[in-house]
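As written, the chains take the letters A, B, C, D and E, and residue 1 is the first residue of each chain.
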């Protein structure tokens, strides 16, 4: 068991995430990203000469556990800052605790707008649902290869991420003149999508929007192709994982997803991260790992420049973030503590995502 | 050599001592009866012999071999058959299936067939009910099934726990006739009975059990005429 | 000695009223004590665990009325809790918006906000008990595992339905001016859960409600109602033959248990750092409470309370084990089940284990004396 | 029309899978009268063992472990299947021996809680990195990807109803296993003995039935069925959820619901229930709304139980007073 | 304290209490009971005998609402009981014991009896929670009544023991006490002497008579012990295959050829 109060020569930060339970893979990826960032910063001499130590608590993907884990981090372990969670529902449970105790919290990948609305201690490094939804809708309406007017949606009704993205996509897509011809739902982990896909097939869409996680999308793609659904599929950053290509293979050829960055991006910050990650964990990082890594690094940067390590100072510094060169894009915080950064569109080709386009906010 | 030889047997249920060092013998071909008041430990004795309970001390020899540590199914396979109090029939099986289970450990199909016919002859009532679920039989019918089933195991020693419980007088007579018949056919019987009058009539020898101890033993006819026994168990007349 | 001799011993009505009220007063005094002493001595983290344990105890003790006392096997208890939580949460959230224009906490200890919250919790209890009545109906026809699977189905259905609800409307103006049709979507948050509920739950309220729950459960168990429930558990046919309306007892058990579960849910909804979400209604959560009642011992109220404390605390104690946490938890659970199959206290209450001299306090008769 | 047929076909295949899992539940329940919540974890074990064996075995015949160009020779597929069955029955044996047998005389609720504990344990051990890991994987194809497309319509509106080989296999296997079980339970001495054990272990022992062995065997058989289901399941749905995913539990739960709907303890009932659940799920999701899939299943369950409290084929046990 | 127990003032001695006409039920094809008739006067002590499987217990089940009769009618004190649920029948005044003992094994002996007694009180949930004075008085009276009943069979010293810890013979007696606690006007005893030895049976016969006299209940008794039945019963009904083959005084029944053939057998006095 770690010491209760941080000793003066180290900085303790906390991470709460789902490292057991259904969503374990998300929490584990994020944790690995964070660990990597910490190793990196400690190797470079730490933050202002102090080593950074991470305490990770499991929340099983359960909002109630998230609450107690964060209370423990904030009040017992007295961490300087908190990182987490992937799922918006869990971040929302934890955010008020951080806010109340004046501890900055950065969610790596909760996309629901509400999360940062909790207060000025709460930040994130991923883009929010409305932005990504409109990016996807715009792409679906305007891309030459798709030019869709009729879209179907297949949404994970258990994941707020998925539901949120679906709503924003629907708004933007219909605002852009398209129609949603079919809306179907599944539950994370479902194996059989034939009823939904058969239904979608009958509605004859030109594109299928699947705002889900890669863990399900591969399966959906396989079954869609089996049923003879040939239209392109489109998704959000939840797709980003090497696993997706492995599972779906060429079933996803000609499908697109929006993401924070492209693995092909030649810039050293991306390539370096991928190399480091592969070296440490023998696997390709997914989007969640990259976001975890960025969240940690943004935090360190703010700590370095902040006048003191008090929560207030760090938060103030975080708010000032502009042009931070993260793996997941160049990040500036807006007034709502959400990052302003462009999205990239990737196309799946034989199991690997290829860069297609960049869409900046406000475009 | 005695077929069953029990030495100094003690058994407890948790902290309740049910048997406090009893010894008894059953010789081949005998009918031995065990009588005693409610809670004396009669059923406990039988349950221990058949392996459902394990003794705290003492030993049980069956055909000269110790069986106290054996599991109940192994003991049954040695053809030491126990018809428990409350009959122990399988309510969810048909009467026929119940009977067949009696011969579970036997492989001699032809002879099983014979025994089966024979058992049904003894209990024509059971024969009428072969396809009924045994659980819906009346008490007497269930008792008949239980005895018929035990016979199908061709027991060397048959232990009956209160076979007359809840039976009509006529059936009681029938059961006791059957007990005599089985015995005449060479099966040794250890009989526990509340109906001490009848039990002492059919038995060769008897043991009287009181609060976990053997109080008295001897030839059945002798005990039946003892005044103490009459007063305590036979209704004083 | 004849029974009548002891019983006709005259006791004044005043003494009796005091005897009846004392435990409730003591419970509430304890709750006040906890509220004002605990956070300052152990800090917010342990206070939170104590709150969680309190709520777990309310849930487990109430479930024990159905599972332990009446012997009906329900694995839908989290469903009742969730119904209570959503009802209470929507009442405080939307009333606050309407009355004060904001959903933030209003008033201090025992202030107007807290009273609204208490009423909301009670309403949560009432809606939950209506659900309890509906879910209890199948128990009149179904036995054992069949009933269990139906109650489980109830929780799962509730979970899916809650996922389909609409977004929370958190703007006072919109709420004030909205036509009623806006509420047709049931704006309680959908899959993400119901956030923004004012955080009124304090140690005092949790332990005050717990005191009432426990005293109720205990007095129920020792009364004609309790005996009737126990008899349903022991042998339904015999109970009927003794004139017990078993249907009524079962429904009563479901209704009262659901009521307290609903109140517990209300407390949960207003606990800080908690977002109630559809997941709460699922069977996994119900299992937690079933485990507590079984581990506590059938019908032993204090046993169940101890089990609730143990099992709600255990995952926290194991928190440092990270990925091995649940493995160790599961292993311990199996170990406890194997080593104490009768539950922690079996059918006894904790004071049955005290030395006799403790129990024969001057004003208390030993159970045997009382019986004779 | 095509869509209707497609839905029907899927329902049949999924129904068979439910049936297969339900058979295992029913079997254990029939004998021990308790819901073996760890049953679905044996399905998971079967699934993940199939995967682990496959990726190790495929390179032996020169195929890419993750994306074999052709299916492996049939003996290898069969070998994996048998190995999975054996290991799953071994797991079932061990679980019964270590976790359930000590509770033979305890109330059934205790065994149930222990089963929940076992289930949690298996899930979370399975999720560890050096066991199966916490990420989803793709099961390599072990069978030829044959399918029978049935064509509907012409030109633009051309539609296919696809009947994959794997569906036929699943259908056939569950059918056969059901028949075999039915024969075993009702036509053999061992089956009668099992039913006797299920009524009362003491009485059964007095008949000379080795009770412990019979129960172990039941568990091994049930677990083998679960293993078979896991194997077939991942062949049909090659994208595998990680071992601790709650969806596995839900799968097990639905299979259990199937068993209950059919009348738990009843073998034909399990199969019937499996199909009914799958039909309700598929047709409900297709014709009404996919949002309420689980609602259909559980509502149907409640409805059926209210009409027939012992399930469709369960015999009403009237206790003789 | 005996006022609590002597709740029913004695009516005219031979007034009809329980009236059963043409009662019948069959299970599948099996006609378990057919055209069963019985007129039981208050404070009567009647016997119901017959071979195993004749339908005696089934008659009890029909009378107490556990099985619903398919034909016939049933009334107590002129009040129709047909279609009543078991607990309503008990409330109306018919109590029974079970052939296979059905006590509440994990409840104390006292609770077993109190439970049966509480049918005559109407407790309120609120007063239970508040433990009002009314509630306390109710509970005290209930306990007093239960303890008095336990004294009949000398069980008062074991009031706190669990019912399952009693020996078989004592369990049978507790069943009778429990039935009495419901303050019945008709008491149905299903083989109360089973499992008792001849000596104990004599004592039981004595107790049954005393119960009848003290509580003025009518008793219908199923028993295979002929000595006991002939000794204490005023009239006896004999069933065989669900049909009444004979009804009358012990003497008539004992000498009836059909009864001897179907039930008593040749060496009846042996038992």
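Keep in mind that, in the parts below, a residue touches a chain if its C-beta (ideal position, glycine included) is under 8 Å from a C-beta of that chain, and two chains touch if they have at least 3 such contacts.
For each chain, UniProt lists the protein as follows: C = Branched-chain amino acid ABC transporter permease; D = ABC transporter permease.
These numbers were taken from a predicted model, which means no experiment stands behind them.
K.L.:
I need the common contact partners of subunit A and subunit D, sorted by label.
P.N.:
C
K.L.:
Report the chain whose mean Cα position is at the greatest distance from that of subunit B.
P.N.:
Chain A.
K.L.:
Which whole number of Å gives the spacing of the CA centres of subunit A and subunit C?
P.N.:
Once rounded, the distance between the two centres reads 37 Å.
K.L.:
When the C-alpha atoms of subunit A and subunit B are each averaged to a single point, how far apart are the two points in Å?
P.N.:
Subunit A and subunit B have C-alpha centres separated by 75 Å.
K.L.:
Can you give the whole-Å distance between the Cα centres of subunit C and subunit E?
P.N.:
So the centroids are 41 Å from each other.
K.L.:
With centres defined as the mean C-alpha position, give me the subunit B-subunit C separation in Å.
P.N.:
Roughly 52 Å, centre to centre.
K.L.:
Identify all positions of subunit D at which a residue touches two or more other chains, and write them in rising order.
P.N.:
124, 127, 246, 291, 293-294, 321
K.L.:
Which residues belonging to subunit E are in contact with no fewer than two other chains?
P.N.:
Correct list: 57, 66, 98, 100, 102.
K.L.:
Among the residues of subunit B, which are close enough to touch at least two other chains?
P.N.:
Within subunit B, residues 136 contact more than one other chain.
K.L.:
State which pairs of chains touch, listing all of them.
P.N.:
Here the touching chain pairs work out to A-C, A-D, B-D, B-E, C-D, C-E, D-E.
K.L.:
Note which residues of subunit E are touching subunit C in the complex, please.
P.N.:
Residues 1, 64-66, 85-87, 90-91, 95-96, 98, 102-107, 110-111, 114-116, 118-119, 121, 123, 125, 128-133, 135-136, 138-144, 146-148, 151, 156, 159-160, 178-179, 182.
K.L.:
Hey, which residues of subunit C end up touching subunit E in the complex?
P.N.:
The touching residues are 2-4, 7, 13, 16-17, 19-21, 215-216, 219-220, 223-225, 227-228, 230-231, 234-235, 237-246, 252, 256, 347, 367-368, 371-372.
K.L.:
Can you list the subunit A residues touching subunit C in their complex?
P.N.:
So the residues of subunit A in touch with subunit C come to 1-2, 19-21, 56-58, 60, 62-72, 75-76, 88-89, 92-94, 96-97, 100-101, 112, 114, 157-160, 163-164.
K.L.:
Which residues of subunit D touch subunit C once you look at their complex with the stated criterion?
P.N.:
29, 34-35, 99, 102-103, 106-107, 109-110, 112-114, 116-118, 120-121, 123-125, 127-128, 246, 249, 253, 256-257, 260, 264, 291-295, 297-299, 301-302, 305-306, 309-311, 319, 321
K.L.:
Where on subunit B is subunit D touching in the complex?
P.N.:
50-52, 71-74, 76-77, 81-82, 84, 88-93, 97, 100-102, 104-105, 135-136, 149, 153
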